[in-house]
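Both of the next two complexes hold chain A, though its partner changes from chain B to chain C.
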Partner chain A sequence: MNGALQLGWRYLAYHRFKTAVLLASVTLMMFLPAATRLLVEDSAQALNARAALTPLLVGAKGSQLELVLSSLYFHAESPPEISYQVFKDVRDTELVIAIPLHARFRARDFPVVGTSLDYFEFRNLELAEGRLLGLLGECVIGAGVARKLGIGAGDSLVTSPETVFDLAGVYPLKMKVAGVFAPSGTPDDEAVFVDVRTSWVIQGMGHGHQDLAEASAGNAVLSRGEGAITANASLVQYNEITPQNVREFHFHGDTGGFPLTAVIAVPPDEKNGTLLRGRYLDNKESSEQLAVPGAVLDDLLETVFTVQNYVVLGLLILSLATVAVIVLVFLLSQQLRRGEFFTLRRMGASRAFIALLVASEIVFVFAASLVLAALMTWTVRAWATKLLLSLMTF
Partner chain B sequence: MIRNASLYVLLTVLECCLATGVVRGDDRPVVYTSNYPIYFFATEIAGSEVDVRLPQMEGDPAYWAPNSDQTAELQAANLVLLNGAGYENWLNFVSLHEERLVDTSAGLADSLLPLMEAAVHQHGPEGEHSHVGTAFTTWLDPKLAAGQAHAITAALVKLKPEQEAGFNDRLARLQRRLKQLDLDLDQVFTALGDQPVVFSHPVYQYLESRYSINGRSVHWEPDAVPNFRQWIDFQKLLAGHPAKLMIWEGEPLPEVSDKLAQQGLISVVFDPAGNRPEHGDYFEVMENNRQRLLTVLGML
Partner chain C sequence: MSGIDIHGLEFEYGGQSTFRLQIRELRLEPGECVAIVGPSGSGKSTLLNLVAGTLLPAVGDIRVGDIRVNALGETERRRYRVGQVGQVFQAFELLEYLTVKENVLLPRYIDPSTPLDADARQRASELLASVGLAGKESRRPSRLSHGERQRVAVCRALLNRPSLLLADEPTGNLDQDNKQNVVKLLIEQARAHASTLLMVTHDRSLLDSFERIVDFNDLAWDKA
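Moving on, here comes the complex of A and B:
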């Protein structure tokens, strides 16, 4: 028996090219359907896990999927905005804990998420270094941001202008990194968190400058009339918020009209959640909508799974064709090896020995393919889900 | 003798431990306050059920801002009781858990007094704007203070519902004392009548409003000598508002009070009690204010 196995092994080793082609065909035949299914299932699970932990979202009317993806993965370039008053209204219902989100800006290609301290408790984000947001102009960064930029608590991070052509636009804000979160394996690792008011400063809705009523502001004053002071272009606006100038920062107008991209609503129980949903369903004229992220992603994933089933079916048909070709290759191979088998018979080998020799070659190829396919599937499972989720963050 | 001494030492140590919460394994909810009157009302209402704290602050709490350690303490608190009415300017730049903030004057919006219009300024494309606000020393009107005490009680009841009866009892007691203070102050200011008064600082708006005081405010500091310009403006003020009494937040410098006396003005301190007093409590500070006013009223 050992002789048959050894001869089989030697045959495969000698016909390297043929063996390699067979291995590649059988490996891909096994890997593709399995990897497709597992990848989709893993990604769906990862997507659903974050969505399931986000009970309700309030945002501007429009695509619910866009609202969910931009609020959970912060990937949108210019998400539609709602007013801060919406956050106040949701909070004042006292049905839910309301968490504001303003995810519009970027700092060195990482999304800047304006929110409140409640977000960190809600997502169970633990500090690995430093402290939480304390002062306007401070930020807390995710573990991925800290690792990729090589910065930590006490360093600075500058926001990116929305467009390089906006020369008259808002100046970048230099933010102090107050802390770094421990890795969470979620898009929060790749985000820069600031107080929602800091994100308004980034947007130019709040700013700091010297007091125009003071004598020292003389050079910056264009005119000083009865109860009105007009500044000229030399008025210096601060591009960094420090404990020394933070009192000079202020917002103009009613903050109720200031922008947010979404409000996360966390009801204490299902009843309160249903009551809040009812309020938005009843109000057809509202310019906001309430989305249930789990349900929205379920709809998306249902479509993905349907497509996946067609893809897997196609791959299975392809696999059958591959099996047929492989069988044909082996049968033709037997024909070509008739002389070899005849010689073996003349040397005293039994029919069973020859059958074992051929079977061992097939088993070796399939066993090696199985190992290779398993290794490739494991690699894909380990990296592809992360890669997919990181693509959704950008 | 030795046994008695040992017992005394033991009792003293126990008392210290109780005071610092070492023995009781203090698991009471922590409530921070933003000025002394709110702290006083909260401690009166909460009794020993809640750990009410006032951060260490130098000078006027209206100009205080928490440092990073104090910010962390405020973030960890179960509640932060605010005076409201724009008093806590630091809220504009400090990140706290919003649902743990309690604005004790939010329910008194109709009674809040707007400040005089600030200078309008303009820069950039946003157009004209000004930074105006509301008078914030609400606790100088005992009726408004009673309203704030009510808001404090509601917040504490939410925090510890099982203590509702105790909180309400203590609130009723506090409100009786505030009502008595209101009557006492009313008596003093009724005796003052319509006589013009000058306030050294624009922080007495609610006192003026509550007791119909014929007052005008300047912007003088008790520990500073007014400059020439301020004296000129003061003379102009007196020309249209012939006051004989000037009410100060703190004891003015002798040279200033002497100069005022030469002009026929008596200086008297009415401590707004914004920060923790060196001696006594809110009611004692108010009683001392009343006594000082009574003394000078006889001299007018």
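Moving on, here comes the complex of A and C:
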């Protein structure tokens, strides 16, 4: 028996190319359907886990899926906006804890999420170093951001301009990193968190500049009227908020009209959640909508699973065709080796020996393919969540 | 050492073929080196296959030493072939996916009762060295000359120290010099290993080295 196995191994080792092609075919035949199914299931689980932890979302009317994805994964470049007044209205219902979200800007390719301290408590984010947001212009970064950029508490991070060609657009703001969150395995690891007012500063709705009432600003004053001072272009505007100039930062207009991308509503119980949902369902005139992330993602995943079933079916049909080709290859190979087998028989090999020789080659190929497919599936599975998060975040 | 004693042998291929082999009597003394000559297609190879137990006669007896070959079951005949008989085939029949040394060791791969141990490897190396192939043990058969391949085939036949060495036109594909060398090698090795040698050939130029030459036509036994 041992001799047949050794001869089988020698045969495969000698015909390396043929063996490699067989190995690749069988491995892919095993790997693709299994990996597709596992990847989709793991992705669905990861998506659902975050969605399930986010009870309700209020956002601009439009695609609920877009609202959920931009609020949970911060992936949208320019999500539709709602006013801060919506946040106040939700909060004032006293039915839920309202958490503002303003996720429109990016800092070195990482999403900048304007929010409140409630968000960190709601997501159970724990600090690995530094402290939480204290001053305007500060940020707390996720573990992934800290690792990839090599920065930590005390360093600074500059926001990215929306477009280099838009001179009237958003100017970069240099932010101080107040703290770094411990890894959570969620999109929060890949985000830069700021106070919602800081995000408005990034958007240009709040700004800081020289005090025009001071004598040092004389050259920057174009005219002084009654109760109004007009500045010229030489007025120094701050692109970094420091303890020294933080008092110079201010907002013009009513903050109720300032933008948010969503409001997370966390009801203390099901009843309060239902009441809030009722208010939005009843109000057909409203320009906002209320989404239940779990339900929205269930709809998405239902479609994904249907597509997955067709893909897996297609792969299984392909696998059957591959098996047929492999069987053909083995049969043709046996035909070509009739002389070899006849010689072995003449030398005294039994029929069982020949059968074992052929079987050992098939078993070697399938066993090696199984191991390879398992390794590949394990690797893909290990990276699936990270891959999904990177796809959802960018 | 085993002699061969064939008596009243009849063999016929089945199906539509009309080939029929009849041998009245053939006797080889233990350790004797005998050449059987005859025209192509006369049944010389069939005779070797019958002696090796690969084919079974319809009538008659084949005795090799104390073994009545035609009375053995399939498993016993297989064991007899591996243990008692060394065969050198016309077209070498070396396996390309094995090295020269592994080809010599092939009988040990085949037979589960004989270990593929250090002794066997040592013997394979010694056999190869004895035919001038030391240093070529790791080569593939296709990297050897015809003469070298034939020598490997002889070494393979001798690995298990067979009492009977059967050679089926082993010089068929060789030039005259190599033919003589192979015959010389077979006889030398048979004598060195105390084996009985039965070689069939249709080339009468090779017969000088043999102790006895049997004309295949003289073996024919027409019962009618």
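Please note the rule applied: the second predicted complex is superposed on the first by the 389 of 394 C-alpha atoms of A that agree within 3 Å, B and C clash if a C-alpha of one lies under 4 Å from a C-alpha of the other, contacts with A are read in each partner's own complex, and residues count from 1 in each chain.
Here, a contact is a pair of C-beta atoms (placed from the backbone, for glycine too) under 8 Å apart; a residue touches a chain by one contact, two chains touch by 3 or more.
Predicted model only: the values in this text are computed from it and were never measured.
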| item | value |
| --- | --- |
| First, second, both or neither for A:S350, with chain B first and chain C second | second |
| Partner chain(s) touched by A:R10 [first = chain B, second = chain C, both, neither] | second |
| First, second, both or neither for A:L135, with chain B first and chain C second | first |
| Which of chain B and chain C A:N2 touches, first, second, both or neither | second |
| First, second, both or neither for A:G339, with chain B first and chain C second | second |
| Residues of chain A touched, compared between chain B and chain C (which is higher) | B |
| Residues of chain A contacting chain B in one complex and chain C in the other | none |
| Touching residues on chain C, where the partner in the complex is chain A | 49, 52, 54, 75, 78-83, 85, 87, 89, 93, 95-98, 102, 106-112, 116 |
| Chain A residues touching chain C - in the complex, by the definition given at the top | 1-4, 6-7, 10-11, 13-15, 339-340, 343-350, 353 |
| Complex contact set, residues of chain B against chain A | 65, 68, 71-72, 75, 89, 92-99, 117, 119-124, 126, 128-129, 131 |
| Parts of chain A lying in touch with chain B, wherever the complex brings them together | 91, 97, 116-118, 131-138, 195, 197, 209, 212-213, 220, 227-232, 235, 241, 246-247, 249-253 |
